[in-house]
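Below, chain A partners chain B and then partners chain C, in two separate complexes.
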Partner chain A sequence: MLLSKQNLMPLLNSLASDVDVFVPTTIDGVKKFARLADGVEPDFDMINTTMPPKDLLFPQTQKMYHFDVDKNGSYHIHEYDESREQIVFGIRPCDMRSIVCLDEVFLTKGFVDEFYANAREKLLTVSIGCTQAAETCFCTSMGVDPIYAPNADVMLQDTGDAYKVTAQTPKGEAAVSAWSEFLSDGDAEPVNCDVTLKVSMEGVVDKLEGMYDSPIWENLSIKCLNCGTCTYVCPTCHCFDISQENRKKDGVRFRCWDSCMFSEYTAMAGGHNPRPEKLERERNRFMHKLNFFERRYGMSLCVGCGRCVEKCPVALDITRLIDDIGSYEVAPASAE
Partner chain B sequence: MAIEISHGCAKGERPLIPQVCRVTEITQETPDVKSFRLVTLDGKKPFDCEPGQLGMFGLLSYGECMFVVSAQSDEWVQFTVKKVGLVTEQLHNLSVGDEVSLRGPYGNWWPTESCRGKDMLFIAGGIGLPPVRSFLLYCLEHREDYGRIDLVYSGSKYDDLVFKEQLFDIWPNEPDMHVHVSLYHEDPKHPEWKGDIGYTAPYLETLDLGPEDGNRVAVICGGPSLSRTCRESLLKAGFDEGNILTTLEMRMKCGVGKCGRCNMGGHFICLDGPIFSLAEIATMHSDV
Partner chain C sequence: MSAQEIIRARAKELLESGEIATFIGWEAGRFTNQTTPLVITDAADAGKLVFNEYCANTLAKYVTDVLARGKVGLVVRGCDSRAIVRLINDKVIKREDVYLVGVGCPGMKDRKTDEPLKKCTECRHNNPLVFDEMAGENAEKAVPEDRFAEVKEVEAMTAAERTRYFESIYAKCIRCYACRDVCPCCTCRECFVDQRRENWVGKQNNVAENRFYGLTRVMHIGDRCIECGECERVCPMDLPLMKLNRKVIQDMNDLFGEFESGLVISAEPSVLTTYELTDREEFM
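The block that comes next holds the complex of A and B.
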């Protein structure tokens, strides 16, 4: 099936009359996904957004429940479910890969996070393959195909004047069959995307096992400002804090994005902090991306989107770190 | 044979939503430690749990913190809380009948099965005793399943020793149970203290409690320096790393391995722990 580019906006406007459709756009100078509405111009030629679309599943601040007291002074808890039908239209394959990671975190290992699960259930993902890469993009090195996202409900691939449309899940098939008036029969070859920034992940995961006390982490952390930008723009970073706001005995408990770059993140009430310095925090962040997550869930927690490379104020670059790990000579294990 | 510990064993629905519970009994353990017994609003036990498991106990208006369930019965669970921060200070202002929030249970539990038939050596300092006590109480309830029991417990001052009645009046009278208590320094407020003086690790070494050919299991809970020095003492005494158990602590928010902060390498203390053997910890990338 093909979707001609002339039919793209009519399709989107038709979808947006029923559900919230989120598209890549620029608002107040920030490239991000925003709800399609009057005055919002989708930009499907944008290479990638500055802010990832993870907030559609994992909002920056999310109310979990509110509490209040009745006449007798007894507490009651009322849960929120603010999830609703949403379509993310134009999500790139790297960000689709990040959803594979988030699904593992929030939906597996004994506890299902109901807030994430509700939002995930109601999200239709329409991915558009890339036609050009930014100089910071390195997705192919992290096993992502820039023109194909296997877990998208619907995959659109640019063929020039039209997108090739493939429904990949039951949810996607239902969607595409409802779009029939905008689609035409046919097939065409997708345009390729050339990603020039490359790193070699070969052996990196295993090598990191023996590098916990390597000087590489100190060299890396010296220039880090612990600003947390990398964690906020990262499509896979999912750490959160839980807090509350209240007025007397009525209040709301919410969760919000947190960052492992901050010392308060692990500071305990008794005064002990297991990761008190930048060195421990940087090491934990990159070990989590490149080793811990791989060991726990069998995949990398870096998808190669390049956002942290682009936005880091001191040019701390994960691709250079991966290169450095690759060329690092691990001392042979001691005979202890 | 090394002790087998289960990991990632807690499961549950709606893990982030607490239930409202009621405080039925408060015990002042020390000037800054209180124990709280909790039941549901209709008077039932809030949740079933194994010794060593965790609960997120707090106040809706102030926040919640993770604690090991320090004791339980068929009717209630108990938490023992030292006043050290914002939430615990508010918990200390609670009265019997007040409503609190509670969710759990989380985490794994002490390997009660795998330790059957073993001699048990419990080592704790200060507020480290409540987590260890959950296992100790289980052993006493199932006394015939375990061998000799030793408790080595220290505090910086006499007033800081928790569960004094059990320490000095009840446990020493349990069959084949030996209670060893030391204060870190002479306590000017309690010149009548005739017990031992010394930090936990050197004190432990004077007691000459060896590994008994792998038949003795050591269980440690204390602050970072106590943990480190006592582990070293036990290894020096010949204990196998697989027979030294500990319960770890880090800051926690979600309790279910998702919010990120309590990781030790690729493991989460709230979900895969808090209980690990030293042999397991040695294979992890630990910042703890």
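The block that comes next holds the complex of A and C.
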């Protein structure tokens, strides 16, 4: 099936009359996914958004429940479920891979996060393959195909004047059959996307096992400012903190994004901090991306979107770290 | 010899002689015209140091991280030297803790657009104000005519417009705290936003909390801001933070006389940490 580019906006407007459709756009100078509405111009030529689409499933601040005490002194708890039918239209294959990672965290191993599960169930993912890569894109090195996202409900691939449309899940098939008036029969070859930045992940996961005390972390972390930019622009970073705010007999419990770069992240009630300096925090972040997650879920927690490379205030570059790990000689284990 | 060659040679000599334990400069990054801060302790690494028109980062804040190892050498332009003066005046470091290799700064460029960085077009002191030696000559750079041009844009707004303007800024803030972490004036041992027991700032990301963080930081920096513009450069959401800082500076100028922070090493208290009986008090 093909969707001609002329039919793209009519399709989006038709979809947006029923559900919230999120598209890549620029709002007040910030590139992000925003709800299609009057004055919101979708930009499907944008290579990638500055803010990742993870907040559609995992908002930066999410109310969990509200509680109050009535006149009789009885407690009441009111749960929040703000999930609703949503379509994310134009999500890139790297960001689709990040949703695979988030699904693992929030839905598997016996722990199901209700808030995430509700939002995920109601999200239709329509991915558009890339036709051009930024200099910071390195998705192919992380096992992502820039023109194909296997887990998207619907995959759109640019063929020039039209997108080749492939429904890949039952949800996607139902969607595409409802779009029939905008689609036409046919097939065309997708345009390729050349990703020039390449790193080798060969041996990196295993090598990191023996590198906990390597001087590489000191050299890397010394220039880190310990701000949270990399973690907040990262599509896979998913740490959160649960907190509450009370006013008289009312209160709300919420969770919000947290960052392992902050000293407060691991600070304990008694004052001890197991990751007191930026060396320990940096090591944890990159170990989590490149080793811990791989060990637990069998995949990398870095999808090669390049956002942290682009936005780090001090140009601390994960691709250079991967190169450095690759060329690092792990000392043989001592005979003790 | 170029400034870069002098910097490399002097870093090597200073480390070899044991006069300093650490040297801070820049090295080339992976991408065209990209640089990144470099902290070295081994004289053999001095050859990695670069100095060119794309050295965007200021370096002074790293001094406190490596001071425990001994005296720190670093390259200073106008902004870096003012940051060092700030750290000394705020009693974070001592003058003898640092060895300053000054370098004339022509203003830095954005590596992607090749246009001058905004912070550099606004800079009024491009050459080092404090140094132990100079790597080459001072550089020429145009000084902006109006230091407060941006502030006037905000002042021209009506109160309602201004409220909307601030809301639009702080609706974008993601509270990564990069502005704080890069700032040479932000040297509190514990930042008020990290004081969770007191909970000055709630953890929810919304306009009210974000604005409270941002405006409190502006007031707290107050008379110490050296106008290096790093907060604005590093902000991933491109918030116009220098507009806010300069508004406070303009008000101080108006109330207490023309003032610029970090120009001279001095034990005198700064404008907002002292008072005189003749100070204006229109609001009382």
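Criterion: the second predicted complex is superposed on the first by the 336 of 336 C-alpha atoms of A that agree within 3 Å, B and C clash if a C-alpha of one lies under 4 Å from a C-alpha of the other, contacts with A are read in each partner's own complex, and residues count from 1 in each chain.
FYI, a residue touches a chain if its C-beta (ideal position, glycine included) is under 8 Å from a C-beta of that chain, and two chains touch if they have at least 3 such contacts.
Nothing here was measured: the structure is a model prediction, and the numbers come from that model.
Using the contact criterion defined above for the overlaid structures, shared-chain residue A:61 touches chain C, although it does not reach chain B. In the superposition on chain A, contact is made by A:79 with chain B only, not with chain C. In the superposed model, A:106 makes contact with chain B only, not with chain C.
Within the superposed three-chain model, A:10 lies out of touch with both chain B and chain C [touch as defined at top]. By the touch criterion defined above, A:150 reaches neither chain B nor chain C.
In the superposition on chain A, A:229 makes contact with chain C only, not with chain B.
In the superposition on chain A, A:212 makes contact with chain B only, while chain C stays out of contact range. In the superposition on chain A, A:260 contacts chain B only, with no contact to chain C. In the superposition on chain A, contact of A:287 is made with chain B only, not with chain C. More residues of chain A are touched by B (comparison of chain B with chain C). Residue overlap on chain A between its contacts with chain B in one complex and with chain C in the other: 241, 243, 267. Of all the residues in chain A, the ones that touch chain C in their complex are 28-30, 50-51, 60-61, 135-136, 222-223, 225-229, 231-233, 241, 243, 245, 254, 256-257, 259, 262-264, 267, 278, 311, 313-317, 319-320. The touching residues of chain C, when paired with chain A in their complex, are 29-31, 34-39, 57, 61-62, 65-66, 168, 171-172, 174-178, 180-182, 194, 196, 202-206, 230, 233-234, 236-238. Against chain A, the residues of chain B that register as touching in their complex are 8-20, 41, 60-65, 84-88, 99, 101, 223-224, 249-251, 253-254, 256-261, 263, 265-267, 271, 285, 287-288. Of all the residues in chain A, the ones that touch chain B in their complex are 64-65, 67, 74-77, 79, 105-106, 109-115, 212, 238-244, 246, 248-249, 251, 253, 255, 258, 260, 265-270, 272, 274-275, 280, 284, 287-288, 291-293, 295-296.
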